[in-house]
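To start, I am sharing the structure in question, which I have written as structure tokens.
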Amino acid sequence: MNGLNNKSPSLLKEGGALALSVYKNTYLRFIAFGAVLALLPVLQSAGLMKASTLSYLGNVLIYAVVALGLNLLLGYSGLISLGTAGFMGFGSYLAAIFTENLQLSFWVALLVAVAVPTLFGVAIGFVSLRIEGIYLAIATLCVSEILLKTFEQVEEITGGMQGKKANYPVIFGSKLDRSGTYLLLVIALILTMMLTYNLVNGQMGRAMHAMRGSEVAAQAMGVNLLKYRLISFALATAYAGFAGALYVFFIKYTYPTVWNINLSLYVLAAVVIGGMRSIYGTVVGAFLVWAVPDLVLKNLPVIGKINGLPYIFNGVLIILVIMFFPEGLAGIPTRIKLFIKRIKEKNAAKGGAQSA
Amino acid sequence: MGNELATILQLFVRSLETGSVYALAALGIVIVFRTSFIMHFAQGSMGMFSTFAVTYLLTSYSLPLWASTLAGIGVAIAFGFLVDFFIVRRIKNASHVAKEIITLGLIMIFLGFAPMVFGVDPLQLPRFITSGDLTFGSVAISYNSLLNICTGIVITIVLFYVLQKTKMGLAVRTTASNESTARLMGVPTRTVTMVAWALAGVLGLLSGVMIAPTTTVTTTLMNAVQVNALFACVLGGFQTFYGPVLGAYIMGVANNFLRYYVSSVWGEQILYLLILIFLIIRPNGLIGKKLVKKV
Amino acid sequence: MPDISSAALNQGEALSIDHLSISFGGLKAVDDLSFTVNEKEIFGLIGPNGAGKTTVFNCVTQFYKPNSGSVWFRDQKGEVINLVGRPVHEIIKHGLVRTFQNVEVIKELSLLENVMIGAHTNFKASVFEQAFKLPRARREEKEFRKKAEDVLKFLEIDDRKDMLAGGQPYGVLKKVELARTLISNPSLIILDEPAAGLNDSETGGLADIIRNIRDEYNCTILLVEHDMRLVMGVCDRICAISFGKFLACDSPEGIHQNKLVQEAYLGEEEDEI
């Protein structure tokens, strides 16, 4: 007993030092965040969480991936896409078709689900981005209508309104189960967060910032606007295709109505509310949009039963954030710090005045 | 041969009707765009909401159609004012993207409010003139179609007259060409944007009431109208008020003919692709001119 | 073509504007303007309000496409090229970079990152290499971070390098814009009203900074400026224009005594010249 007691302070110290070094290294922080996400299902087996909650969490992870892509486009480059849902659906159908109909491997399906929508997106981007940024929103709006129609009408391949079934993925010869696939989602999200972090903190990230902040300065510094707009739109599309594939492997089912324009608005809400240009903020935003209405709002007394509540909740939040808190939820820590600092300064000033 | 001609005429009449719906919605979008510099993505949803109001008053309170339409116009104007007062005039200096995100947020709000206020069941809105056709040989035009076509054309003409000849129209045009100069010259730009949003609301409602009898009134009622109206603006160019109207009627004609002669399922989609290709050739639309950006 | 272009610039000349004209809606903003800037020279472009000075700059940097005329420039390989008709984003690659009248910095980035934007065209690593932080991407990031720090140190604002640009004083932001031009090792820098918005002491320091930039970075400087003290004090030669037309091109003293220039400024505030 005694020995243990003597040891514990140093253990604590070491533990603290380890935690600090994890906190200081961005990548370790991502991994630690992933570890926490991966451990959440333990709560379920311990009976602290309903089984359905895991599905919501899985959804949050998937939509966090697609929202990170939209954040590259919207937050960093200042462009709007309304085709997010369409491209995500495209990815989901491709992944389902390549694994189920063509019996190809998970990896091939994943690659196709990312590559084909991206190429499609580049073509659309090339037409619309040459004009004005806003034309991208209009062009993607109509592309998402075209894709939705395709999902509904090409019944031989997509299963029409009935939708299309898929299975949990087979990776390296072993078939994953539900929690295995959840783990796959966690890994996918953490990798996406790391890639996004690298991209936005390098030359390309600065170029995107410049495009959004000052088109003229960006051009004068040698940023080819069309090229970088296309790259950021291609990335957003690639993320959407990737998330679509993840969706179909986790939910095991895809059908047209999921991929309508309202989903694109939800993704936009996640980015704006969570915080434009913030990686963790986007994940929190995805949680707020996909988990909070179902897990919290629905259970509230009186207003929980109101139809359309999630839409109003997100719509109002979007507008409030844009008007009053442009940094979104991600800006809260900085605001709190500033607030504390101001109080301290005030107190210090008071103290100074008193002593004088 | 006579049959073929009759088909074409019939299609053309239908095109005018579709074109009128798009034209009204597109006019709303372009008026908002020119006066408050916002790409109005919520034009359709606001129209959807007030059309819902009309249908709800009609079915739940058995008001006559004309009375509920008038009430719907009131709802549209009220929401136009509210949106302008609480949001638009407070974000005048925000970036373009921020403004557009706001209208996307508005879509969500109206999408949520509609089932909240009017319930989740799809409703049915009858035509203004329930029966009766005007026949020319083998061509039959329903009186209601004629009414829709006339409404579209008359409202467009009246609006252009107001824009060109009245003091308010002059104020709108001055604001559209240069907002800050207009303000300095004493143009009440605040009133102008407020009127623009209310007007857009009414135009959205009218296009909603025109399209509703062909389908059921649900939250997706105006999705296609919104897309087509935006494309009408793109096709005609955002720089003039008549460009989008022209674009809308072209969309109406192209839409109906493509659906009849090429593919009933894919006609609309083919049209979208054609317009995207058209944009490669004329990026600023049919009547658009390129603006030089000041550095 | 090569023989014409080599004749367009003599030895020791950096930039030549040759019969340049541009009009907006029938109004001639620049009208048949020609002047030549020598290498390693600090050259001023002056004129009364609305004379078209900034328009000239925009035509040189291709933000506006001139209706006629040429802009001959000796690029970093020593070849003489016509800038007219080239895409805006390619201009910096030839060694010509500019600042803006209203500072165009990115509020959401730190001062250091803002400066690094200026090195955009010097990066060779692809987007893929950046996403996975492959060696070349890492190396370049480190190299230009160091370079940006050096430039900020040169302009004496390196103590603020990690602060966000949003909220910084105007004088600092002006320096950030300057630093952003320097990191790309340009052969010619165009400064659009560098003293606008600065207080007297900052303006006083600016003359030294401009001279130091010329000497340290071994480049030519072309500037538009309203502050006559600065222009007269710092420029080797000055070109005066009015209503887009050439008035005179001379030493500061020559310009000061020039009758045409005096007339053009008549009605403007007297203490300006």
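Letters A, B and C name the chains as they come in the text, with residue numbers starting at 1 for each one.
In this section, contacts are C-beta pairs under 8 Å (C-beta built on N, C-alpha and C of every residue); 3 or more make two chains touch, one makes a residue touch a chain.
Computed from a predicted model, the values in this text were never measured in an experiment.
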{"item": "Farthest chain relative to subunit B (centres taken as mean CA coordinates)", "value": "C"}
{"item": "A-B or A-C - the one linked by more C-beta pairs in contact", "value": "A-B"}
{"item": "Innermost chain, taking as reference the mean of every protein Cα atom displayed", "value": "A"}
{"item": "Gap in Å, rounded to a whole number, between the CA centres of subunit C and subunit B", "value": "47"}
{"item": "Rounded Å distance between subunit A and subunit C, as computed from the means of their C-alpha atoms", "value": "41"}
{"item": "Inter-centroid spacing, subunit B versus subunit A (mean Cα positions, whole Å)", "value": "34"}
{"item": "Junction residues of subunit B, two or more chains touched", "value": "293, 295"}
{"item": "Touching two or more other chains - residue numbers and ranges from subunit C", "value": "63, 100"}
{"item": "Set of subunit A residues in contact with two or more other chains", "value": "212, 216"}
{"item": "Interface residues, subunit C side, partner subunit A - complex", "value": "61, 63, 87-93, 97-98, 100, 104-109, 113, 116-121, 123, 125, 127, 130-133, 137, 140-141, 180, 184"}
{"item": "Subunit C-touching residues of subunit A, taken from the complex the two chains share", "value": "195, 198-199, 202-204, 206-207, 209-210, 212-214, 216-225, 231, 277"}
{"item": "Interfacial residue positions of subunit B with respect to subunit A in the complex", "value": "39, 41, 87, 90-91, 94-98, 100-102, 104-116, 119-120, 220, 223-224, 227, 230-231, 234, 265-266, 268-269, 272-273, 275-277, 279-280, 283-284, 293, 295"}
{"item": "Subunit A to subunit B touching residues, read off their complex", "value": "74, 78-80, 82, 124, 127-128, 130-131, 133-135, 137-139, 141-143, 145-146, 149, 153, 212, 215-216, 260-262, 265, 268-269, 272, 306-319, 322-323, 326"}
